[in-house]
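Chain naming follows the written order as A, B, C, D, E and F, and within any one chain the residues start at number 1.
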Amino acid sequence: MSAMVVTNCPRAERAVVDGLAACGVATVHEAQGRRGLLQSFMRPIYPGAQIAGTAVTVSLPPADNWMIHVAVEQCREGDVVVIAPTSPGDQGFFGELLAQSMIARKVRGLVIEAGTRDTAELTRLRFPVWSRAISAQGTVKETLGAVNLPIVCAGAAVAPGDVIVADDDGVCVVRRAEAADVLAAARAREEKEAGVRARLQAGELGLDVYGMRERLADKGLVYVEHGSLKPEG
Amino acid sequence: MSAMVVTNCPRAERAVVDGLAACGVATVHEAQGRRGLLQSFMRPIYPGAQIAGTAVTVSLPPADNWMIHVAVEQCREGDVVVIAPTSPGDQGFFGELLAQSMIARKVRGLVIEAGTRDTAELTRLRFPVWSRAISAQGTVKETLGAVNLPIVCAGAAVAPGDVIVADDDGVCVVRRAEAADVLAAARAREEKEAGVRARLQAGELGLDVYGMRERLADKGLVYVEHGSLKPEG
Amino acid sequence: MSAMVVTNCPRAERAVVDGLAACGVATVHEAQGRRGLLQSFMRPIYPGAQIAGTAVTVSLPPADNWMIHVAVEQCREGDVVVIAPTSPGDQGFFGELLAQSMIARKVRGLVIEAGTRDTAELTRLRFPVWSRAISAQGTVKETLGAVNLPIVCAGAAVAPGDVIVADDDGVCVVRRAEAADVLAAARAREEKEAGVRARLQAGELGLDVYGMRERLADKGLVYVEHGSLKPEG
Amino acid sequence: MSAMVVTNCPRAERAVVDGLAACGVATVHEAQGRRGLLQSFMRPIYPGAQIAGTAVTVSLPPADNWMIHVAVEQCREGDVVVIAPTSPGDQGFFGELLAQSMIARKVRGLVIEAGTRDTAELTRLRFPVWSRAISAQGTVKETLGAVNLPIVCAGAAVAPGDVIVADDDGVCVVRRAEAADVLAAARAREEKEAGVRARLQAGELGLDVYGMRERLADKGLVYVEHGSLKPEG
Amino acid sequence: MSAMVVTNCPRAERAVVDGLAACGVATVHEAQGRRGLLQSFMRPIYPGAQIAGTAVTVSLPPADNWMIHVAVEQCREGDVVVIAPTSPGDQGFFGELLAQSMIARKVRGLVIEAGTRDTAELTRLRFPVWSRAISAQGTVKETLGAVNLPIVCAGAAVAPGDVIVADDDGVCVVRRAEAADVLAAARAREEKEAGVRARLQAGELGLDVYGMRERLADKGLVYVEHGSLKPEG
Amino acid sequence: MSAMVVTNCPRAERAVVDGLAACGVATVHEAQGRRGLLQSFMRPIYPGAQIAGTAVTVSLPPADNWMIHVAVEQCREGDVVVIAPTSPGDQGFFGELLAQSMIARKVRGLVIEAGTRDTAELTRLRFPVWSRAISAQGTVKETLGAVNLPIVCAGAAVAPGDVIVADDDGVCVVRRAEAADVLAAARAREEKEAGVRARLQAGELGLDVYGMRERLADKGLVYVEHGSLKPEG
């Protein structure tokens, strides 16, 4: 593995990032054509956090968190740290002291395809973490890795400076170059959904709101009254 | 798969359903002879919900939620929608807009052997969902399925009109024809437990309350003082 | 399996146990050289509990909870009951009535490599349980097991009288004979961390606080400005 | 649970069953409209077996195999025993002695949503078993269950007398009343596939054999020469 | 963790070990009262191996296989190496070169609660390995561990010199001090089973061979002719 | 998702690919610095295959295999098809007819992060497949995807034309531009290992061959005679 730190990576624009945060993961994921979702085993350590930030990426050896300390120095306000070990493991790579350091640099949260610990303290600090596991098992500081090279985290490719959106539904990555377009599409989607929502709340059926009845009939959907069904022989 | 919707299925009686809701899953499951429990990977998206309702069943192709829109029209006050895809998958088949539509029809909750999304909004709406996964990954609307045919959901057979009981312990199904008897048995069990509870809270031992000592001795249980044990060679 | 109950096992000292509770799992686990952690699938049924207590161990046949009733009689104030079936299973071996009985004896919580049920009631009672699963599926009372023999629970060896520490990060066991030493080491660790925490909160980097820069350079870590990277051919 | 044995259940016709065996699981599953497949965690203990038989169903308490002994008496030549415990477990419910007894009754194999053991001996005997796990952990004989009532096994509903088809791809159930129709559909499918196979082996493309090119173009598929792609900014 | 190697540990007697190998895992596990079975995720890398040997135990840091090299020196003819990392991981800790070294010392096989690699070569060498995973991912040689201290491997406590029995059904440990008694019990069991086997092969039913009919009737088992069942309303 | 097929992608050189095939996954993975390994849940459908080929990549919607038919046309002699759905699923996307078509084009094998079926036929044809699951569950042909865009498969980034190496240990990807260098490094590694192998087979210890004794002592490794250990109080 390259033992390399890339400095001064360009980030997606702050206003775009904040707009994506407000839309949430499900909307953003739809708006960009259903790409970029991390696998569903990535869960938040407490419910209710909804963030977006620019990725600082970390590639780590198994059971070794040394490079997270290196990565902190590369963090700026509005970043989200994204970590993937080169081999799967559920050790607690991350805890409260590293969070204190990230909070001091105005990092917005952490995404790690591995374990985290000190979850009660992280919850009190409201520093959100999306992880594959919670484990008190610590790690060592023996072997180098890379900061701000492209990585694969929980099945999704993440490049430094990309936008990470995360909430109770999971985590999604948006390419830096596409972030503004995705935000526009996400907002358009929200607007359209607002109209649908009002009609559904008023009791209209999706079958009518979305005009589905004809296509269902074309595909051959049949309605049968319960009383007219014969019992199986 | 039959592309069929069965209409006007008979439901279990409302008063019985509400009685079962009050008893909760563990008691109902015991009262009906330990049948009908869905597998334990079915978890609520937020803690504290405790419901019962009459099943509207939905069988779906993988990664396709079209039939949920069809199913909404078949829902009545007091129903619970129960969904199983014909092949396992963790996509987010269900979200906030569908929930708005179900709330408008006074549906009590959803049980799905797949994924759900918009979980923060569903929590704010207090629309409870028991699912196998949480995922922002959406689905398509391409292929038909069936509404209100018997299905297997998370290992349990569910027929339309059956009673679904769900709380923090999981999900249980009660056959429509047996619901009144199961409720009677569940209440009898609760009454008996109330007496036991008072004695245990007062410090009596289960060994005495349940009269277990003799049978334990018959089976050969031996008590040995710690000090009299020899260390292993 | 021996059908045996060992009585009057010596326990770790109360003051030491309470000191370990205050330190929490991650710190205690580090302080004793990263030994004794139960596997990370052991999760609390509600967030926020942080306890320590002296182990009463229970070895059970699969799907049979009879011996828990036997174990209650052996419990004293300050104990934690630790249960492992002889074959894996996710049934709900434990519920609210057994909890009432343990609360009456001032037991502090339960650790079980299997399932528990009545989780809503247990949460209301604030009786914490760490388990592998939540399931309403009940168990039988047919076959004997052992109380207060050494067991393996979720991958860790536990002897009666050992200290069990448990919080949102998981569960850790400390040998009775080592508990005082581990407490001293844990407190030393906390003191040292307090100084580090203050410096990190003030914005100092871990790279400087821990003096890592030289060793990183020795291992060959390279810093590269983003603009100077060539794109991949 | 009903402690009941249903005797003299009607079976699907032998010639139909044997015809389905020759078609194999994937073809039969397609031919009946993609219904009836057991979940993919059901795996054969050795490769190469391909069977079909008529179901004798067994519902068992967790970790208790007593009812398998009861079920053997109900078996006839050409049957397959299908077993599901009422709560999940990976114990070895089945082994070589039970297999000897089933072989003596000309049973063709076993399907069990749990564990099996003595797999080396079963392989030598060529008695095929599809199971969720392999485990030497034994079971008890304490509690009754049911033989030849409808069950759910690995997510599929199975009734006594239904046809079970099993091979290296997994296990599929065919309703007794539909077996002849499904066989006809499966054979038609095989015939059609034979023609396709010959053309594909000769080097024709599926795009042409199935006539897909127009529909792909209609949906918007675009072909781009590699050299004309711009690198990502 | 103690960085310690214990030398010259006493081993179980060779003749007893070889006797246990011939009995196999399922029989040995039953014969010692169903204790000592490793969890069922421990699988052989090729089918058909059946061994027993005396344990050389290795406790390792995560993703670090240095101590296996240390352990080889402690191995004698007839040993089986048993390895557990202090934190779960599926890396390939073991491969062909280490196997060559163990073969040179007449080690009989390896049991590892982690990953192995070079499985094609290990199969050609007929050096059997039971592992949790197969993975080409390598490990480092940075941190010490322990050889021949008691460990927990896949849920079972193993002490140096204990007997490890392993075959296609899994892995079982027998305490050194109990090995001769367990062998006697296993052989008695085999003898008894031989008589039962002959009767079952001849077509007698287990219900009669084991005399189960009366106890089943006492428990309330009912036989119902299929034709006399009413269909469900 | 882009509905796009990229044609005429450059491939790694055939001689290099064949050289990597001969080295195998574990050696290649080490030789390129432990990068590029797919996750260990990717398993071959039969043991003993060892291949390398140039990647044709396919990104698919969930439960839809239409694009595999499109991909076949892009295949040339020496390719390996690499498939990842945009959402996880274990359906059988691939079977014998598609294999016939690939064999006709001299494709060497298939890697798919999903399910495959017709595994008995594929084994007879000796067409090797590495997959996450085996399942007879079919897929539809409704929605477009992409061929020969970069994908993430089982956690590894794969670009068209990269080298895929696969054997019983799993699957590894080598960047096209690095393939010749990796082959050189792999062969150097094999040569070095040949010398070590001979010494280990002759009975020398790795401790001496690798010269580890001094570093172990420096790190504090202690040897203790078994007889001199005190039993735990």
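In this section, a residue touches a chain if its C-beta (ideal position, glycine included) is under 8 Å from a C-beta of that chain, and two chains touch if they have at least 3 such contacts.
What you see is a predicted model, and the numbers here were worked out from it, not measured in a lab.
A.B. asks: Walk from chain C over to chain E along touching chains and report the minimum step count.
C.D. replies: Contact-graph shortest path, chain C to chain E, evaluates to 1.
A.B. asks: Starting from the Cα centroid of chain C, hunt down the chain whose centroid lies farthest away.
C.D. replies: D
A.B. asks: From chain A, which chain is the farthest off, judged by mean CA positions?
C.D. replies: It is E.
A.B. asks: Could you please state the distance in Å, as a whole number, between where the Cα atoms of chain B are centred and where those of chain E are centred?
C.D. replies: Chain centroid spacing, chain B to chain E, equals 38 Å.
A.B. asks: Report the inter-centroid distance (CA atoms only) between chain D and chain E in whole Å.
C.D. replies: Spacing between the chain centres: roughly 29 Å.
A.B. asks: Check each residue of chain F and list the ones that touch at least two other chains.
C.D. replies: Only 34, 37, 40, 86-88, 90, 135, 137, 143 qualify.
A.B. asks: State the interface residues of chain F toward chain E in the complex, per the touch definition above.
C.D. replies: 24-26, 29-30, 34, 37, 40, 43, 47-48, 50, 167-170, 172, 193, 196-197, 200-203, 205-207, 210, 212, 216, 219-227, 229
A.B. asks: For the complex, give me every residue of chain B touching chain D.
C.D. replies: 1-2, 33-35, 37, 39-40, 86-88, 150, 152, 155-157
A.B. asks: Which residues of chain B touch chain A in their complex?
C.D. replies: 2-10, 46, 66, 69-70, 72-73, 90, 92, 95-98, 100-101, 103-105, 115, 117-120, 123, 133-138, 141, 143-144, 148, 160
A.B. asks: Tell me, which parts of chain A touch chain E in their complex?
C.D. replies: So the residues of chain A touching chain E come out as 61-64, 86-91, 135, 137, 139-140, 142-143, 231.
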